[in-house]
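What follows is a group of structures, each given as structure tokens.
Below are two complexes that have subunit A in common, paired first with subunit B and then with subunit C.
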Partner chain A sequence: MTIVTGTAEARRRLQSARSGVLRRVWEHRADYAYVLPAIAVMLIVIAYPIYYTIELSFFKTPPGLQLRDKIYVGFDNYTNILTSPVFWKVTWNTMIWTLASTFISFVLGFGSALALHRDFIGRGVLRAILIIPWVISAVAASYIWKWIYHSDFGVIGAVLVGLGWADRPPNFIDNVTTVLPSLIVVNIWREFPFAMIMMMAGLQTVPEQLLSAAKVDGASAWQRFWHVTFPHLSSVSTVTILLLAVANFNSFIIPWIMTGGGPSNASHIWITHIYELAFGRQLWGVASAYSVLLFLILMTLGYFYVRALSGNERKEGSA
Partner chain B sequence: MTRITLGGAVLRGTVSTALVVSLSASALGAPPVDLSKWSPEYVRSIAGTQDFDTAADCGKVTPLDYKGRLTFWYQGVFEGDPDLLRQYYKEFFETFRKTYPNIQLEEQALTYNDLLDKFRTALLGNAAPMAVRLQILGGTEFAAKGYLQPLKPEDVGYSTEDFWPGAMKAVTWDGVTYGIPTNNETMAFIWNADVFKRAGLDPDKAPATWDDVVKYSKQIHDKLGISGYGLVARKNAGNTPYRFMPQLWAYGGGVFDEATANPTYKEVELNSPQSKAALQASYDMYVRDKSVPVSALTNQQADNQPLFLAGQLGMMVSHPSDYNVMLDLQKKATGTDKDKAQTVIDNMRYGLIPTGPDGKRAVVFGGSNIHILKPEYVEGGKVDEPAAKAIICMWTSPEWSLKMAYAGSNPGNLNGFKTKWMKERLDSIKFLDVTTSMLPYGIPFPALPQSPEIMNIIVPDMLQNALTGAMTVDQAADDAAEKVKSLVEGKL
Partner chain C sequence: MSTIAETAPRGQTRRRMRVDGWRWGGRIFLVFMLLYTALPMIWMLLTSIKSGFAAMQFPPQWWPDEPTLASYQKLLDPQNSVGQDFLRFFWNSLFVSTATTILSVIVAVPAAYAFSRFRFPGRNFLFFAVLLRNMFPAVIFLVPLFILMRMLGLVNTHGSLILTYLTFGLPLAIWLLKGFYDNIPVQLEQAARIDGATRFQAFILIVMPLSTPGIIATAIYSFIGAWNEYIYAYTFLSKNEQLTLPVGIQRFFSENTTDFPGLMAASFMMSVPVVVLFLVLQRYFVRALTEGAVKH
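On to the complex of A and B.
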């Protein structure tokens, strides 16, 4: 009689599983060969920079030394960042920037998509006009808005003063209180068309017969929207919100061009601050530590994004 | 309060120059021009007295039939420069290609505010150009880091004495020279005489002191409802230190002791009572009197130019080139704007930068330098030295160092003042004699690798912290001093 212990059984299962994995890899060796170049490129352009950034985050890089002469400081950069009031100010700015931009862009985009989903004269033209902010260069848009907002001779100020509604032009971007909301408005203006396009695509997938059936059953317009349309858009909404959030976390062009993070750091968000630390102040180690922290946050968001996508696929598969 | 006339100021400048020169001349020998006689009259007297054959001179450094390849980055013209300067830049590269037809030149122009960032990034990837023309602020940083090859004027056929002693300091690190000055500049004070008159001020007199600037700015604003002084406080923009440091030094302050004859850069003085007084003056104009453009925190000088031309700004600190910029902008104006702009141009006046309460006058000794990189940091790992020396010889020649600074600054090579083009320039560039008169008051930025961060980030941050009310004047100055201290002590 053979006595099989629990440990031996577990080892046997593990070996069996391993040989199973290896067998499957071998069976699909041609497939792996096809994706190998892509994996190699990813390792070079993604994995190595990530590794190097993490490594650099443990070093100090004084302005008088080359990067290769960097000084090991352990977790000092992380400690300095987390105890710096500027870090918390910039983090707070980033949160406000990301949440406000994402939420309002999504709501505006969704509203526009619903409005444009109906058939009316001039719909095509209006749709094209609304997409313009998204397709024009962010750099050009930033310069245009800088002039629109200009605190001395901006367009808005001139109109308000001309109409007698203000004594002097309002101070949008040279004031620590108003600068961030002003930049958020520009960001929303630029990215709400993206949300609109995504949601318009989503609206095409809502089955017309379900809406008709609900109407026959006496459902009001709101009930049809809430109980039929909205549930069908939950997946595309999740993906849109996540994409907007990731893009907003990574924003650089608008705040950098319009204010350079100022005045007095009031419009610095993480990416602009990291840029200034690295390229303006040459604090490559501190900037790397910031980047590692940002990477962890974005990876978390990415995880939810992939989960949302997988959820969509599962739903579509089961439908 | 002491009022100082232009003549008196020139006299003071002459005396201080004599001191500077006596300190440097003993070590360096005699310069080609007599700096102790420096005055608008002297500059006029030497202009057009000597001819130079650039191609022949540079041919002795690198033969004109030399075959090679050169990658070259330079701080080029930007939106605030006059068209005249663009033309000279274009002509320079055309002439270089004609003079050295077998050198394959790959040049790239970058703006002042972008150059340092891009150059630093390229160096990290060993992808720098073979030669680079940097702002005066950058030379020491890259020399200290070991990126630059030793390079002195003698290497391209000139003498160290052919260049301003202050400019040579900015290319010297640890006793070794790493570059050659291409041009040197000092700014002047510009005002609109018509605005002054309408505000009840003497239209022909610049404010004598910075305290007067504060008063005049308020008076202009209160009487006419326009901005008085063109304050600039944007971060990461060279315009900010170029306008604030003269004010800081005039009040007797400084980042260190850079305004003294023999600076040691040991003690941080950004939070001294004198430095705080200078910051207070900016605060008074921006916050208390609201007499300067609100947009000063995000503006640079290029934004002040249209304001000035539109008659919406009474005073500013800038180059002589601003007169040409105004002419260029006026040409582009339409309708009644054209006439309004012409009125402003007719009323444009230049004077010496005001003094501090103790009569101290100062201005940033600015400019640019040209350098050769070490091969290991250059794309491809090779530097074509003869080709690099050819372009450096040409750019720093009396002819081209003058032409490339035609409207905006002054030739790095002092022999440029003797050329016929200097004579032509004195006749055609209005107010050039005033800005040239400021040269003896020029103070170079601290020759430290940390200078770019101090001048482009810490000083503007200090201004912004005080002007936005994020900190009091005292707190902002103390905060900035602490940051400078941490930076130079290597705590960051």
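On to the complex of A and C.
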């Protein structure tokens, strides 16, 4: 008996030495209690949907049919998507939408942050006003701009006619060529304050001594910005741009409320297209396959996101 | 280095001019941004105090000839059906947003604390899982979540929205709070524990009071997120009396497409609570958002 427990003891010790991870998990068992509520909620609402989406992407779900009567079709949904012209049209729109929104929002936000960095009278008020579009609902923003762009009574059209730049108010929304840029203007209106806040915080971390040292050495304002300020902001910029890109890629409300993807798909982006496939045309299988493709794209973006974040951590650790 | 030093005297005069140039450029840029930001909001306000007839004119009345609060009266009057609907949507939004806010603070506080303080295996993985979740669009989760909510019997209840918003607000809430906990010195808790407090007591008595700004910020963020959410509310709720403001307004104005003063008044009133909340507490809000990102 003693021998058995002796060997069992030895084996356990050996095992625990080998699987240090398990032992550490056990030692920290109390710590998990703090994260458990968060993890539990997310497992229910996130892990299950992901599983279900992947499963559904291999099935055909004819409209009007119950979901449990789905028909297995293998990779058909995927091949259909990749060979359809609408897919390429929507992908192209999404690329323009995401890149233009992200880039311009970042530039305008960064510019505002730089201009607001120096103290002046009314700075706090100005900053607050510039942030408001980001706080209000995207639904409200969509309606405000829909009214501004209105083809008969829109204020922009009236200004253009008043200045003599147009004979009659242009129709921004119902025009295949102008609809996407018009919506991007709305999106930037709502997104640039986010970049501004992030960059303002970033600017505060640039050491003042370094800037004055550069000034003493005769560096011009541009040189100080380009060689001192900008390198200091590289990690904040990366995170901001990635967050903006993800948010823009995932936009839904502005195109959905303002145009619903029209006219003739000119303002459909991936998310609105998926929504219409699923809830408009009841093609759940195709919509799921789209979602899985979306997952893959986002995972790639996410990889860079995590790398940017852990890059920051490493830098901070060594500093 | 030496070349810069040699040209310094000449650079001196040139720099003064340049600095002015930059400063003026900055001012002009700010004026442009102010116009871009404020003009649409001003136009919303001006339209909301016009009559329906005055709004539909070309060229437009730049300043309303006969300003009227009729649209606001209509929306806030519990006697007529429009006012009843609007007030009910408003109340629904308020209820869902408040419940979401309280719950997400309760769940996010311990999680953020753990991510900040403990070095348990899988900590990094869990944390990045939390962040990555933020990246996936709502649409992906709509169908399965709808089915899940049906299984739980939550379709057409506010419970479905609260549960969903809670999950989707959590990653950011945890991230924001973690930034705050990272800045509270561990020594404070260690001192408390030497004095005989348990880890939990140290957390409740020392760390919680110090992290109040972070908790306020997280709460505002959750509230604004829930208040403005559209796509889940649009999908999960179909009964008119359950709708939240964004969806309710959309439903209403897809039937009354020409009532632009009413639409602008509704948009304005929908924005008031979040803008006021933001303006009063913006210090916490801005700080929290940046703390996480910059310090992380």
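One rule holds in what follows: the second predicted complex is superposed on the first by the 296 of 319 C-alpha atoms of A that agree within 3 Å, B and C clash if a C-alpha of one lies under 4 Å from a C-alpha of the other, contacts with A are read in each partner's own complex, and residues count from 1 in each chain.
Basically, contacts are C-beta pairs under 8 Å (C-beta built on N, C-alpha and C of every residue); 3 or more make two chains touch, one makes a residue touch a chain.
Treat the numbers as computed from the prediction; the structure is a model and nothing was measured.
Between subunit B and subunit C, C touches the greater number of residues of subunit A. Of the two partner chains, subunit C is the only one touched by A:252; subunit B is not. Touch criterion met: A:46 reaches subunit C, while subunit B stays clear of it. Contacts of A:153 after superposition: both subunit B and subunit C are touched.
Touch criterion met: A:274 reaches subunit C, while subunit B stays clear of it.
Once the two complexes are laid over each other on the shared chain, residue contacts for A:175 go to subunit B alone; subunit C is not touched. Of the two partner chains placed around the shared chain by superposition, subunit C is the only one that A:140 touches, whereas subunit B remains out of contact. In the superposed model, A:37 makes contact with subunit C only, not with subunit B. In the superposition on the C-alpha atoms of chain A, the part of subunit A touched by subunit B in one complex and by subunit C in the other spans residues 67, 150, 152-153, 169, 279. Across the complex, subunit A is touched by residues 117, 120-121, 124, 141, 144-147, 227, 233-237, 293-298, 307, 310, 312, 449-450, 452-453, 456-457, 460-461, 464-465, 467-471, 487, 490, 492 of subunit B. Taken together, the subunit A residues at the contact with subunit B in this complex read 60, 62-67, 146, 150-153, 169, 171, 173-176, 258-266, 276, 279-283, 286.
Interface residues of subunit A facing subunit C in the complex, by the touch rule stated above, are 21, 24-25, 28, 31-35, 37-39, 41-42, 44-46, 48-50, 52-53, 56, 67, 108, 111-112, 114-116, 118, 126, 128-133, 135-140, 143-145, 147-148, 150, 152-153, 155, 158, 161-162, 169, 189, 192-193, 197-198, 200-202, 204-205, 217-222, 236, 239-240, 243, 246, 249-250, 252-253, 257, 271, 274-275, 278-279, 284, 287-288, 291, 294-295, 298, 301-302, 305-306, 309-310, 312-313, 316. Those residues of subunit C that touch subunit A in the shared complex are 1, 4-5, 7-8, 11-12, 14-15, 18-19, 22-23, 26-27, 29-30, 33-34, 36-38, 40-41, 43-44, 47, 55-60, 106-108, 110-111, 113-115, 118-122, 124, 126, 128-145, 147-148, 163-164, 166-167, 170, 174, 224, 227-228, 230-231, 235, 245-246, 249-250, 253, 260, 263-264, 267-268, 270-271, 274-275, 278-279, 282, 286, 289-291, 293-296.
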